[in-house]
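You will see two complexes here that share chain A, one where it goes with chain B and one where it goes with chain C.
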Partner chain A sequence: MQAIRSFVREVVQAYKQKDKKAICDLISLDSSSERVEQLSQVLYDMTEESIRSTVAADCESLDAPRPLKDLITNYLIFTIASCLDTSDLADVYELLSTCYGSFLGLYTAFDAQWLTPLLMNISYSLVDWATLADKENPTAKELKVSDAAAKHLSRAFNVVISDKTSNDLKDSKKMALYYLANLTFRVYFKIQSTRLLPTMIANISKAGVKLEQYPMSQQVTHRYYLGRYYLYQLDLRSTERHLAFAFRNCPPQNPHDPQSTNEVTYNNARLILIYLVAARLCLGIFPSQQLLRAYDLEVYFSTLIRAVKLGDLGLLDNHLDSPEVLGWFVKKEIYFLLKEKLRVLCWRSLIRRVWLLNAGQPRVDLNLLVSVGQLLIKDGSFDIWDVECITASLLDQGYIRGYIHSEKKILVVSKTNSFPPVSSVEVAEEYA
Partner chain B sequence: MSNSPEPKTAGEEETRRREKRQRRFEDSRSDTVPKKSKPVYTAPVFNSDVIDWDEYTIVGTSTQLEKNYLRLTSAPDPATVRPVRVLQKTLDLLKEKWRKDQNYAYICDQFKSVRQDLTVQRIKSEFTVTVYEIHARIALEKGDLGEYNQCQTQLKQLYEYNLQGHVMEFTAYRILYLLHTRNPSDIIAMLASLTPAQKHDPAVKHALKVRTALASSNYHALFKLYISAPNMGGYLMDQFVERERVEAMKMICKAYRPNIEVSFLRSELGFIDDLECTGFLKAIGVVPCLNQDSGPGKKRYQFLDTKAALPYVLEAGKKYQTVDIKGQI
Partner chain C sequence: MDMCPEFERHEREFQLNVEKFEKVPGTEKIDHSRAVKAYARPAAGKEQPLPSDVRPPAVLLSTLDYLINQIVGEDDLGDSHFFVRDRTRSIRQDFTLQNNRGLEAIQAHEIIARYHILCMHQLCENKGFSDQQEMEQLRKVLTSLQEFYDDMRSEGVPCPNEAEFRAYHMLSHLRDPDMIRQAQRLPMHIFQDPYIQVAAEIHALTRRNNDIRRRAKIQSEASPNFFSRFFKLVAGAPTTYLMACLLEVNFVEIRKGALKAMNKCYLDQHGGFPVDDLVAILGFDDAEECIANCEEYDLALTPDRTAVIFGRKDPVTRRRIFKGASHFRMVSYNMSEVILGMKCGDTN
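What follows is the complex of A and B.
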């Protein structure tokens, strides 16, 4: 009991002095920390009722504002629940959720900038606990993470974004802007609902801050999610731009020196690289074998590169559909992207090689392409109309320069730059 | 889809359309294998069709077969609500009336009131599924996407209760509907949620092939799929066929020189006949670019000057920039 009373006193004092370090130490969400250990041992013997009344009484005598009293009370109730093995994770999340609500009650005050570090800690914890609760009950109608994002993070975000007190980031609530945005993005991607992303992106751009002012870790994370989002939209150039930045700014990995490699940063870099490689392949830019090897990605991408260079459609399909890698491509959500885009590039390669074999004469016989196509994809029903359509598509997208003569069934390529380098071709957005 | 009764093409096309209309009422042909024979519930209920048994559920007593739809503002009077055995008779009546009169406004109104009666009595059974499926198909035939989407949303939930119904047919429709609205993340999420059984079903396979054709701008495959669409998929594809035809025209006009045969356009773009094809070309304004060539024999080939036609086609394509979803979501 006494320990609780002194805890309350310390918190109220920290609050009155706006001591941001102290408040973070006190309202600790790290269940392995000593303070939480000590608190939980005391709380174990207390009823919820007695926790409430103790805190209430002390807050009254110390003249603490009501939202602060609520925060302390809810924090303590959450803490003991989080330490018990017998707790239902969903319930623990709900308690933290209540606590978060009380915290926001304090945070909305116009002079609450000093609480921003605590905001970041508690937001991270909220999503963390929500994720744990969802793992326990994955088929629940409403996932806890989406509750966290919709109810709490969005409110916090609004508070942060409307703080107009200072232009200096470290004195403004906007310091937490990208941290919160990144947490929210993480949730949206987890629940595979990216519909609200454009709104958030628009809101961020109106906030009057620059991403470059923030810690690199937040920049990299943010760019990663932006890259993933643009990949969904099939805007490959934007994807590449963001992911390339993110990858370049990851701590360098050296697989031959176990000391320098941190598992978390390695996994993050690899994740960024997977999508960067996928986007760049579709733009005709190939990674080196060393790079793929360094991140253990050879088994997935090497064959694809070979197929595209040769124009071997059969190899492309066989590899993507092979049981060893199919599941992986589907899980990473790049199966359809690669299957469709690389097919186009394969055809471009194929037609170009046929043209080269004919000593670069401007006329390419379409019937020849039909035979080649039938051989490669082992489909007898593949006919001249399929070839004409594919060729028209390549011409339309700019991969080949020339025209088709319908009556003569030939493709006539232009004298200069007939097969422009793939990476130089403008890739149109699919959904305008 | 044009309704012009061209005598010489009546055969195949009309049969296809008639078959489509017939399918609406073949509810005996369910294709789901129920995992359990009855829905699982925890408390004893007196009506075995009711899931989510609630103390305040109404049991209707009305015997009046037809009823206009009125949006509810408070708990309904049981005397105005029809119990299931009456609704079953209503459904038979409505099927007959639709066949005879084809009055969509009336039918839609009646179906909405049947749905409402089922909802307030919390009846979620195979009969409910049938009602929604039939209404959905009728809405599709009339191009009422708003109403169709409402039914589709309900059906998705009902199927999750393991109720028998035409799950595969409607899964295929859902895919085609998403292709119309063109929301990439919805489509990806939908694809990820398909079971292997669904992926092997012919109707779903067809819809997936349509997705592939759209994604790879393969107009040749797309319009072949349009002509061979199973069940009522064709009506859903109708929603984006126009847009895709203009897109295909753009590619063709950019790729081919000096010209392209109109017969090629007719077959590649999935038109029923020459009349429909010419109608389309007129609509996008390329008629000035057509010229005739009287070759040997009786046939007269028409050609389209692709270079001249391109600006018209690009102009026509501008109106397809955003998708308009009419009606309620």
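What follows is the complex of A and C.
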């Protein structure tokens, strides 16, 4: 009992003094910390009713504002539940959710910037506990994480965005902007809901802050999610831009060093790299074998690269569909992307190689391509029209420069730069 | 229970709001045994429907049965379209009102979806038929189905037709890459179902980046625009009759993308591209349709009108043709009998 009363006193004092560090220490959500352990041992012997009345009485005598009393009460109730093995994880989440609500009650005050570090801690915990609760009950109709995001994170985000008090980030609630945004993105990706992403991205851009002002880890995380989002939209150049930055700025470490404690960063870097490689392949930019090897991605991508370079359509499809890697590509949601786009690039390669075989003559016989195509694809329905069609498409997009003489069934390529490097081919903004 | 609540029967008879399918033949009186509950637009100020007026699932299914077999089956599709469309909308509404999202709801929605798809093809040349409105309804039905399937999966109940309707859903948003993303999140046995694979293939074949779109949908690098394979696939066995019906609405756009690409790769001095070949490649009904299509885009023809001249530049601006094309929309599109005629044996 006494320990609780002194806890309440300390919190109220920290609040009145706007002591950032103290409040984070006191309202600790780290269940392995000593303070939380001590607290839970004391709380264990108290009923919920007695916790409430003790806190209420003390807050009254210390003249603490009501939202603060609510926060302390709910925090304590949450803490005891979180430490019990017998607790239902969904219930624990709900308690934390209530606590979060009380916290936001305090945080909306115009001078509450000093509480921002605590906001970040408690938001992280909220998502963490929601994830745990969902793991226990994965088929529930309403996932706790989506509840967390929709109800709480979005409110917090609005509070943060509307803080106009200071232009200096460290004195503004906007310090938490990207932290919250990243947490929210993590949730949206987890529940596979891309519907709300564009709104979020738009809101962030209106907030008047620059990503570069924030810690690099937040920048990297944020650009990772942006990259993933643009990849969904098939906006390959934007994807490439964001993921390249994220990958470059991931902390460097040695992935094969067994002593390395940077397993997390290795995994993060690898995750970024997977999507970066996928996007870049479709833009005709190939990673080196060393890079693929360093991140254990050879088995997935090496064959694809070889297929595109050779123009081997059969190899491309066979590899993507082979049981060892099919599941992986589908899970990463890049199966259809690669299948669709690398096929186009294969055709470009194939036509180019046939052209090269002709000792640089500007003519390519389309009928020859039909035979080659049929060999590779093993599809009897493949005919001259298909060859002419895909060639037309390649010409149209600028992958080949030249023209087709339809009657003679010949592709005539231009004398210079007949097969521009794939990476230099840009999608037209305005088609003329 | 009846297909239509009693009060409504009398009310509509009084208001002279009885469809011909509900009348006693030769009179203006309502046939109480053949009246079907109408769709009631939810409006502010209108009271909640009585629980007794909401038909239970079994009745909804038998009503739907009646509509499909007795009305659509016996009568002219176009003639009965307004009636059936409205009454099936009411059936869906009743499912929503009682929050029934189970197997009966799924069964009803599947049948209704198929009906809409069929109408989109069969009625596309009818006056007064709006493919946009039909597509709007269809999309609503398909979206509901996606949610129902998700619910059933979380309860561990398999739905035998799920792949078919997931595929229709994908095809009803042909230019949306998010459909592809979603397909990859399906359980493996559905993902590998031919319906899904064909739908995804169609997405890939029709993706192109030669559009002028002012409010840009993303134009993506390495887009196939593989129109010849598309029309072959639509005509071929893996594409079912209903899938083809659903795809028909996109033919105009796909052909436009094809003609644009072709316009960029042939030279106008080499004679034209034979119309007959174009008809074969792009699945036109006949030469007339092809020529009309080309002329709408200001593509020139040879004097004897047997070939299209690609690669011409507009004499005034020296730019290639099609610059006016973005504002143009073909009012009627003819379905290719050649393509779909091959599928009439399909019992779908």
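Assume the second predicted complex is superposed on the first by the 419 of 432 C-alpha atoms of A that agree within 3 Å, B and C clash if a C-alpha of one lies under 4 Å from a C-alpha of the other, contacts with A are read in each partner's own complex, and residues count from 1 in each chain.
Rule of thumb we're sticking to: a residue touches a chain if its C-beta (ideal position, glycine included) is under 8 Å from a C-beta of that chain, and two chains touch if they have at least 3 such contacts.
Since we're looking at a predicted model, the values are computed, not measured.
A.B. asks: Sharing chain A, do chain B and chain C clash or fit in the superposition?
C.D. replies: clash
A.B. asks: Which of the two partners, first being chain B and second being chain C, lies in contact with A:405: first, second, both, or neither?
C.D. replies: A:405 sits against chain B and chain C alike.
A.B. asks: Would you check which partner chain A:333 touches, where first means chain B only, second means chain C only, and both and neither mean what they say?
C.D. replies: In the superposition, A:333 touches chain B and chain C alike.
A.B. asks: Kindly classify A:192 by the partners it touches after superposition: chain B alone (first), chain C alone (second), both, or neither?
C.D. replies: After superposition on chain A, A:192 lies in contact with both partners, chain B and chain C.
A.B. asks: So, does A:381 touch the first partner chain B, the second partner chain C, both, or neither?
C.D. replies: In the superposition, A:381 contacts chain C only.
A.B. asks: Of the partners chain B and chain C, which touch A:236 in the superposed model: first, second, both, neither?
C.D. replies: second
A.B. asks: Is A:139 in contact with chain B, with chain C, with both, or with neither (first, second, both, neither)?
C.D. replies: Second partner only, chain C.
A.B. asks: Would you sort A:294 into first (chain B), second (chain C), both or neither based on which partner it touches?
C.D. replies: neither
A.B. asks: I want to verify the contact counts: of chain B and chain C, which reaches more residues of chain A?
C.D. replies: The larger set of chain A residues in touch belongs to C.
A.B. asks: State which residues of chain A lie in both footprints, the one left by chain B and the one left by chain C.
C.D. replies: On chain A, the overlap between the chain B and chain C contacts is residues 192, 194, 232-234, 330, 333, 336, 340, 343-344, 385-386, 388-393, 395-397, 403-406, 430-432.
A.B. asks: Residue numbers of chain A touching chain C in their complex, please.
C.D. replies: These residues of chain A touch chain C: 139-141, 192, 194, 232-237, 282-283, 327, 330-331, 333, 335-337, 339-345, 381, 385-386, 388-393, 395-397, 403-407, 422, 425-432.
A.B. asks: Which residues of chain B touch chain A in the complex?
C.D. replies: For this pair, the touching residues of chain B are 182-186, 188-189, 191-192, 212, 215-221, 250-252, 254-261, 264, 268, 321.
A.B. asks: Can you list the residues on chain C that touch chain A in the complex?
C.D. replies: Those residues of chain C that touch chain A are 151, 154-156, 177-178, 180-185, 188, 191, 200, 203-204, 207-212, 216, 218-229, 232, 236, 258, 260-262, 264-267, 270-271, 273, 277, 280-281, 311, 319-320, 322-323.
A.B. asks: Touching residues of chain A toward chain B in the complex: what are they?
C.D. replies: Answer in residue numbers: 192-195, 232-234, 330, 333, 336, 340, 343-344, 385-386, 388-393, 395-397, 403-406, 430-432.
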